[in-house]
């Protein structure tokens, strides 16, 4: 999809693990917090393996037909239109279902025959049974941090995936990423990542999630474009995280200690 | 959309912040109470930056297709019809989703690929993947004051936006706004804004929201057209806020102290 | 719609207030109990101002399309058909949404761009953006007496309306109304309105609502057509209000004191 | 609809009340238990007044379109098809909504403009506004005995109807009805109605409803056709009322005392 | 439907009762546990009376249109297609609704005009009102053993049916049935029915239902085909009844006492 | 469907039982945990008996039409398209409904006339009644381990099936299976199965399900492809089972004891 390979700075051996899983034709589950780089990692690996990437953001109202395809009326004829999963299977590409726990069960069940040794995708509506080529790979992800009780992957689905856990990168790596993405000089990225470390330690105080690498990149971009660092941090790190006035004050004090 | 630039009286540096965010191609989240001027601010900035504005009021029954588009049957042919988000992307305009927390998750998820560095809008139904031009900007807003537990923005969505908070303007600015909008002389606007200050301090007594700048403008319009000030305040400031007889009596006593 | 002006007997200055609101192009919210004359008042004002009236009784299953319009299939072509709100905007008429709290939020949200200074009605499906003419007015009503917790107007909607409260008319006015509507001589209407006063004071005993002016008119019509007054009151004032045998006995005793 | 007038044995002055209500063009609400003769009464009155009868059994899934009508596709054209309410309005017939509390609010709200002095039926889909002729009458009914909390008529709907209560007929009348309907000699109907009286007094013991006049007619028909009276009573009076073994034993003992 | 008459071994006078009910044109309700022979009984009676049989298994998602019929698009024309109830009415056949309590109320309400003296089926969609011929009969059934509180027949529906209760047949009859259905010699069926008697007495221990005649026939078929009797009983009598390991052990001990 | 017979290593006499059930034309219910080999067993038996296999993974949103078929619009004509159940009935194949408890009742009810002695499939929409040939077999399965209270098979459905229980195979058999599936030498499979035994004994500690044979095969594949055994076990046995950090530590300690 993208002509050039997206920048990705590996943290551990996740690239090797991805490649083995791909070569062995096993499906992969990636767990990790929002904005830690899961989507970027998969774009990078797809480009590296020379495979097209078909991304689907999952949600409550996604239907199985949104994945597999549907009939459309064209010129009085019903014409079949492949969905992203079907396109990935036909082309031998990578299909990536982001936040798969948000999907309804009828959607996750569609994945079952693709995730055991059959590796088939039955299209009930067209009567076809597609055999996935060796190059096809299924990757799903979710954030274990804010799963609720109502939504979780059924064991019969989970047990079909090889799985790895992601987290935010260690400080040096994160500095390197922020500098590369924003163009802000490394020495200005260092206090930002230090501030992030302190903000993340505040997690217990009523925040659903901590500040992500993505928000740090946003903050660095605002700084790079000349905005006052305190205001950049308020706008990119504090306001996006919460609405509660007291919690915001607590976060702003930490910001002030760095940029005040 | 509007030929002339809508009147907007800045309170802080919100215009500069909006412009930097626009230039850096980052999505923006604006938080603030009902009737404080969010919609007007965005209309003003769109006109100032020379961009078309595509506003969508979000609600429970809004579907992803209402944003992206749908097929219609015309002359036996299915014809694709862009939704407001798609039109904004194609034209390089500003798409503004008002009260975004009211939208279902399948709608907010549609925004994800537009709000990271990909800046793409995949149209599953047509098979197109639109690359947003630099001029495209996504703005969303909500009122943090009456979010309930069932409805809130998922962290994975929130963390994709740079964010600023709005509040009612300080007294002098609000007087200036009311005079400009209603044509009522400034010296008659002063007691009205003083009354508003006292009404807003009563928030604890069972009111969902305090009186907005918009209602003050309505009140000034009724006064300007010759209605008795007490009755104008009852009709524009008290009745729209609540139904409870005792609470209304409490509010009317404050009104009486000014206009009785 | 109606050639002659419907009879309406004003209680206070509600006619003047309605007219100012109309001239200032502000939307109006009318609150009051069932059968107190809200619908009649609006029919009267529409006729007086020479505007067409488009009434919609709101309910749970009303959709936005029921207000704005929809495509119908005609001769193989999809033809757009305006809804009552759109017709009122195009003609410059009055659109009246009765019991607006019963409507779902996607319906009330459609009203937002018509109720601020933009006064526009975007028709997403046709791509049109209608500018309301000065003669267009939006009126909504509800009964604050039996709103439940689940259904209420959002503050962001309420704060868009100038608002007035209605109640049953004072005795002399109500006698005049009943006589005019039923043709029953005034001296026979007097004991009926006295009875109504006593029945209304019983509200605490498990009645959802008290007897309305409309039911008094029904009762007077039955009396006028020769039915025994006790039976007329039982049929028109007691049975329509409740099913509970004991409560009915309590009401009938009051009736008996007058007509027994 | 029916050529001959259905047999109906009046209990009080319900026929006169119905006729006055009809002549005064008021809508009528009839309350009463299952199988007490409400439907028969209305068929009888319709025939007597020479009006066609349009009966609709209400339920949860009845839509407004089921009452008013809908477009059907015929020969590539959409053709409008009147629903029973619309047919009754056009013809000047009687529309009878049985068990109206079972209907959803969007259905009951359709009745509002027909039940005040406007007497109109707006057909949003065709753009027509039908003025009901004087001969049109709306009758609704429900059983106050097993209304639950979730389902009841809104006061704003109830207060639009003149209302009468039905109950099972007194013994002599019920004997006469059973004999006429089943052909069983009167002297055999007497013990049956006596048994019914005793069964009805048992209501407190966990029965949702008592035995109806209809079931007594069924029982008489089975007896007339030669079935043993005890077995006829078990089959037509006991088994249809309950499933609980102990309650059935209690009822059967009463039956045995008469027919054992 | 079936050329030969299905085997049915009467237990009491149910065949006579069915025939009288049929001749008197009354609707019939049959109550009884799963697998006791209700469906077979009705097939037998339909064949005996020379009527076609139209069976519908009721469930939550059955719609009124599934019973009465719907329009289908054929060659650009909408063509009406009768449902099983309508076919039965037109042909003068027997319509059997199995497990009628599972149906939604809009489905049961469709039956009302067919189950009083009118015996009509109004087809709102086609505008037809079908008069049921004398040969038409409506039969419904349910299992009173596991009705829940949410699902039950409304009294206004129940009171429209003559009703009989079924149970498992007495031992000698059940032996005869099993032998006839499986081909297993009678002397081998005797211990099986004795075992069933003991298993049925265990009902209190957390089983939703006891072993049915149908499962005994299955067990006999497995034995006849050479399977070890203990294993046949485990497979056909124990595993189908429950999943709980301890309950299964309890049942298996009883099996072992007979076949161990 | 598959040309060659899928590998299956029997644990008990399940193959014989399946074959008898098939020959006697009885429907079969298989119970057992996720990943224990139910699907493989059925593929194996279908191939062995020379029957085509039609697998459907059941879920909440599966409709009866997904099983039986539906009309599609083609060239202006509606064309009927068989669903997998109908195809299996027409061809005399095996229809396998995986996780049948997840299906809605309207789906399970469709199976009823196929699972008693009638062995018919009525297609209401086409008006056809298909008689299943002797070669047709219906197999359903579910996992009794995580059934919730809301979802379970109704007794009236369960009592229509002969039933067998599956569990994970004994150690020797499981070693044999893993070696055959992964190509990993038997002596390396032994410690893996020993580890699995210990992991399965930890079930009480907050795991919804224990490690399946399928995950052991995945682990062996990763080892075979050169991945460090500890990492292979973390990726294939620990991460797929849970998200809780402490539980994962507990599981990893057991892994470390074997591969540390």
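Lettered A, B, C, D, E and F in written order, each chain numbered from 1.
Quick note on the criterion: a contact is a pair of C-beta atoms (placed from the backbone, for glycine too) under 8 Å apart; a residue touches a chain by one contact, two chains touch by 3 or more.
For reference, the UniProt names are A, B, C, D, E, F = Nitric oxide reductase NorQ protein.
Note that the coordinates shown come from a computational prediction; the quantities given were computed from them, not determined experimentally.
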Any chain that touches subunit E and subunit B: none
Intersection of the contact lists for subunit E and subunit F: none
Distance-maximising chain from subunit B - centres being C-alpha averages: E
Rotation in the CA alignment of subunit C with subunit D, degrees, nearest 5: 60
Greatest separation from subunit A - chain, by CA centre: D
Fraction-based call for subunit B against subunit A, same above half, different below: different
Centre-to-centre distance between subunit E and subunit D (centres being mean Cα positions), rounded to whole Å: 30
Distance between the centres, which are taken as Cα means, of subunit D and subunit A, whole angstrom: 61
Whole-Å separation of chain centres (CA-atom averages), subunit A against subunit E: 52
Residue numbers of subunit D (touch at least two other chains): 73, 76
Category of the chain touch graph - line, ring, star, complete, other: ring
Touching residues (chain side subunit E, partner subunit F) in the complex: 1, 34-35, 39, 55, 57-62, 66, 72-76, 81, 83-84, 98-99, 102, 143, 146, 181, 208-209, 211-212, 214-215, 218, 221-222, 225-227, 231, 235-236, 239-241, 243
Subunit B residues within the subunit A interface of the complex: 13, 17, 20-21, 23-24, 26, 29, 31, 63-64, 71, 73, 76-78, 104-106, 109-110, 112-113, 116-117, 122, 124-125, 127, 129, 144, 147, 154-156, 158-165
